[in-house]
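Here come two complexes built around chain A, the first alongside chain B, the second alongside chain C.
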Partner chain A sequence: MSQPDLNAKSRLISQAELDKWLDGLARTQTLIAPRNVSGVVLYRPVAGSDEIVKGVNRPAMSVKEVFFPPTERLLTIRKTGTEIHINETLPEGQAVVFGVLPCDARGVRLLDALFLDTTPADPYYARRRANTTLIGLACKEMGPTCFCTSVGGAPDDPTGMDMMLYPAEYGYMAEAISDKGHSLLAEAGWPETVLGGTAPDSTGRFPTLEKSQWPGHFNDDYWMKISERCLSCRACAYVCPTCRCFAVRDEMLGPGEFERIRCWDSCAGENYRRVAGGHRPRAEKGERLRNRFYCKFFYFPGQIGLSDTSACTGCGRCIEVCPAGVDITEVLQDLERLA
Partner chain B sequence: MNTNPMLPYPGKLVEVRDLADEIKLLRVELVEQGAEAFKSWQPGQFAFVSAYGLGEAPFGIANMPQDGPLLDFAVARLGSVTTGLHELGEGDTVGVRGPLGNCFPLEKFKGKNLVVLGGGIGGAPLRPVIQAVLSQRDEYDSLTILWAARKQSLLVFTDEYDAWRAAPDTRLHLTIDQADPKWDHNVGLITDLLKKVNPSPNNAISVTCGPPIMIYYVTRMLAEMGFRPEDNYVTLEARMHCGLGKCGRCNLGDKFVCVDGPVFNMLEVGNMMETYL
Partner chain C sequence: MFEPKIVAFLCSWCSYTGADTAGIARLKSPANLRAIRVPCSGRVSPELIMRTFDQGADGVLVLGCHIGECHYDTGNHRAAKRLPVLQALLSFGGLEPERLRLDWVSASEGERFARITTEFTAMVRELGPVHWRWEGKRRQEESRDLLISSKTIPLPEMDFTLRTESIRAKARELLASGQVGCVIGYETSQRGRTRPVFIYSPEEVGHLVWNADCTHNLSGYLVDKLPANQRERSNENGSHLRIGVVVKPCDSRTINVLLAENQLSREQIHIIGVTCEGMRKEGGNLQERCVSCQERTPVVYDTLVGEPVHPVDQRPFSQSDEIIAELNKATPAERLEFWLSQFDRCIRCYACRQACPLCNCPTCLYERDDSTYVGMGIGLNEKRTYHLGRAYHLAGRCVGCNECERACPMDIPISLLNQRLAVEIEKTFGYRSGLAVVPSPIVTILSGEYKED
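On to the complex of A and B.
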């Protein structure tokens, strides 16, 4: 977690100035921001600042879907007689995402480590990531299911952002984080000031299991018990900023025309590991739920070279969507107590 | 070469033959960029083969790199992709993505007594090990092959048994689960055969591939026979959709079968084998 430097040179802007600037961005490129889509707030393209939902706690889905869409075309395939033509379909277009939550940007950082830094890089993700700028908005306070502070984050953590906005008494403090952010801020031409202000309350946290203690809990009965209520519905994985399992398959578009797509998948699914021939490893719900927790807190961080961190960003979405009341904070605290 | 690792190379089917009941051997010839990409692949690696329009699936490469741009894949007709591959004939085009995964540490195997245990189509990824030993027979000590299938018609590479048997210091032991009137070898599971053959763990390496349940019990039995975890090798199969360590499907604990394997020894995965079942 990196804390904002409250003495750093920053820019103070009013809500009206910010809106005007966002309207300008929306005219020249795709501006993605929290928007009300039939009663659900999602990161979606907006025509201008008036479409942006302000003061929202958290979009229902994480910003992951901007870089790693739920369904994405990888190739098109055309068959004519015995000839086969393959066309690579890399994504096009620039975008600015405004109003990114600190927990979601930490998720992007973890996905970067997998899709960009772990060879070979994923060209689809890489293209979207290179063509996208992230403008973060610090949370004024933590929501009822938020727990970023317990997993290494903070409501004003600028990690992973290009530019960060901190709500101030009258407007926002804007700070450049990356090179992209510096040029964006220079173009905006807002007056320079000193950051100041107060950080949001981030003191509420609970203890979690030490990394070294995870292997010792693998065979605990706890996993079978807690999973009794799990429905294997996979909702937790889809709303998670860092769950990134996917399936690849071919779909027919028309006579002789096909596409190869990838779509989100989850280790909670009953047939996730099923192989042709019918063999199905991790057949038990408990084994699958356990895998999700081990992946999130133990396996995945190590696989992407960030073993001292957790792949949970504490956004709390999985707690809200779980129809069976599986609460990740409850599991973490139970494990800590069992330790 | 392709900078996009999800983009397959075109391959032409130059030979299609029945290997066993519902199992075909596809020989694919790569050209240009594909041949270049596979120029220095190693025995033990795998590749994704596309039946365009139906999808792609991973297969261990079942021959030796000496065959140049020709790759052998043993394909059992089980799902939609493999059914699509079975319907193709010589001259048809498939897609090939790879080479992927690690390889057999053949240098470590040299000078050792090798015990190779293959169950059903699991014998296919072991064929390069057998071929490697036979092509440099003096480099290795004894070779003991335990070859199993549910029934006689599912035994793979039957036309190569005579050549295996004829090689110096090489023994082939066969078993099938279900008795057959024309069968004059062992009847029973491969673990039963393993008990009878009782290979010595002295200066020995074992390499196992087959159905998960077979791998699980065979590696345990070998351990009981004194094979050290670091000498007890397997090549694993798992459902995978990328082969690049991204899609997340094939994990065995903190390891991915696709990039950390498919070849492992029991020192690496022994404590996670129960989750492979």
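On to the complex of A and C.
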């Protein structure tokens, strides 16, 4: 397939045009985009395009929190006399997320596999997913901790998006990926550029273990060694686009009123897998850190039938946030070397 | 008219009886009071008070026996020490400090009970409804420009090679002679990041480095590395296995606190102290905590690397001090807004707690399944309770290593809370944590020097 002329003026959407369009979107529905919140870039509702952080900043949290918020009320329980009323609280409202990174969209696809493709589908997640449009923005370059190319992604991978924007020298090219994206593009009246899949990018690529090789490393001393510095905090899991553990609890709101909430949880926590009686099968932090890697590269891909792909999207956030310097790329390369 | 909800914690031995005395004497006391009978004012833990405000109380009154009359001798001394610190913390967090009051009422002082409760209720009524508990959603607003760096201090010139060499030589000696089983130090990762490293053999000491990014407080790993069951384990020579650790002056203060709290014993560790001119923050300038560092030389060590430097007498003013001063000047409502917008970003990942070398409870009060002090939700109220509660638990203990703030993936200026309390503790008790093996005055018993106003 011949490459279209990527800098032809007719194909390009100028920054001004894009901003105007985003301002229009923000007026009619919730527009979520990277925003500077006291010095931290996060996906947050914005009032207009001027609030959107432009450039190469990767938001500190992935787009996961839009669909799977840190805390979510599932239902409320009200007790009057002998009667108990249960009211399911499904999320409302349409939203458009702008500036989604390809690695984050890949994360959403992985969450879909768990929350949507397994039965029963998660109604809260499903509702948010159905009511949200993802507008992707291809990365111009890979950041210092990015490694999407080593785990099957690419900085300009449009899969999982509804619409994708590719920055060019003097503006953006737009590509509609889903039906939602097509209608959005048609409404905007923009030309579409079908890139038809770019050549696989090998920037900064390093070899990783085959899935079948993982079980052989389960009992390696390596895990205890690299986990010595681990602090058992949950930062890596909470910033991860694909970590999806949660805990559910009923909490009292007032006399006779309760809510059922679900909150993020993580295998890094000391309570992970604790059972009645207090036994913790993953009591050592090394076992829990190992679990994190096995979950990404072995357990989760196996559970949801991803044959060769990993549940890591290579966004590199965990490397950035780890207070003790645990580095997933180093672990992957070490394992490959040990193999 | 607004009628405030007042929760009164009454000591069973005096104030509760005092309330009865007031009733028998047919003295009027306000109906706003919800009395909670407690065995002693010393039982009223700060968590209870915070929970009371979290649940919507407009004012909290704690009444105990007069000093010197405690049924348990020193219970009210505890209350007298704790509550002013809590009040300072809640006030810094944006609550009007007047909403919390500690006072003394004996069993016979019915008139005093009626007067204090009436006065307090009138005062809270005047203040109006409390806006402590956050209801509903909030859009994240930019917090005030307090946190924007105005001036920065460049990193001083330091010779890292020499200190790196000395640390390696000492570690080699300690490991080769079997004096220690492990040395905890710093290494540079493949990515070029400095991080903690655990060295077990003399051949590995080449990994050890010293540079301007050795910011981690390694003393937190000691407690983990020396579990109770290992304390008795001996090496081949029959001597107890010890751990060597590389510390900066700030970290050395942590070790003193750990020793004072019996988390370690001195003979279990070999401290390689390194004199320090400060660590680098992102962008290359000196970290704020290092600007105001007074020590420069470790306060406790077995081996000193670098030339000893005289401690600074007067605490140098840093930008964090400026921010704290700004916040102190602001109105409670402004402080509340500031902290809510900061805590809003929190994801409750507990990185601050895990990175803190002094947060060493086996199970955190705020993470217990049966916690009655905070819910599991990652909501604004819960997050604030967690942060303020943690800051309170570190009052008089925190040495200001700022690991909490460094570990925070959301860049929340958590250490401001700790610093504010350190100032309060120094003002009240003339105490700075970790300078000697002395526990925090807030957890010890006063020996009768407390005088009632």
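What we mean here is this: the second predicted complex is superposed on the first by the 315 of 339 C-alpha atoms of A that agree within 3 Å, B and C clash if a C-alpha of one lies under 4 Å from a C-alpha of the other, contacts with A are read in each partner's own complex, and residues count from 1 in each chain.
The rule is simple: contacts are C-beta pairs under 8 Å (C-beta built on N, C-alpha and C of every residue); 3 or more make two chains touch, one makes a residue touch a chain.
Keep in mind the model is a prediction, meaning the values are calculated, not measured.
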| item | value |
| --- | --- |
| Combined model on chain A: chain C and chain B, fit or clash | fit |
| Partner chain in contact with A:Trp264 - chain B first, chain C second, else both or neither | second |
| Chain B versus chain C as contact partner of A:Val53, first or second or both or neither | neither |
| Which superposed partner A:Ala247 touches (first chain B, second chain C, both, neither) | both |
| Chain B versus chain C as contact partner of A:Ala95, first or second or both or neither | neither |
| Touched partner set for A:Cys233, first chain B, second chain C, both or neither | second |
| Partner chain in contact with A:Leu75 - chain B first, chain C second, else both or neither | first |
| Vertex chain A; arms to chain B and chain C (CA centroids, nearest 10 degrees) | 80 |
| First (chain B), second (chain C), both or neither touched by A:Asp122 | first |
| Minimum distance between Cα atoms of chain B and chain C in the superposition (Å) | 7 |
| Common ground on chain A, meaning residues reached by chain C in one complex and by chain B in the other | 247, 249 |
| Residue ranges of chain A touching chain C (in the complex, touch as defined) | 35-40, 42, 44-45, 60-61, 70-71, 145, 228-229, 231-235, 237-239, 247, 249, 251, 261, 263-264, 266, 269-271, 319-321, 323-325, 327, 329-330 |
| Touch list for chain A against partner chain B, complex | 74-75, 77, 79, 82-84, 86, 88, 90, 114-115, 118, 120, 122-124, 244-250, 252, 258, 260, 262, 265, 267, 272-277, 279, 281-282, 287, 291, 294-295, 298-299, 302-303 |
| Residue ranges of chain C touching chain A (in the complex, touch as defined) | 139-140, 142-143, 147, 189-191, 193-198, 216, 220-221, 341-342, 344-345, 347-351, 353-355, 363, 367, 369, 375-379, 403, 406-407, 409-411 |
| Touch list for chain B against partner chain A, complex | 3-8, 10, 52-57, 76, 78-79, 81-82, 91-93, 95, 211-212, 237-239, 241-242, 244-249, 251, 253-254, 256, 275-277 |
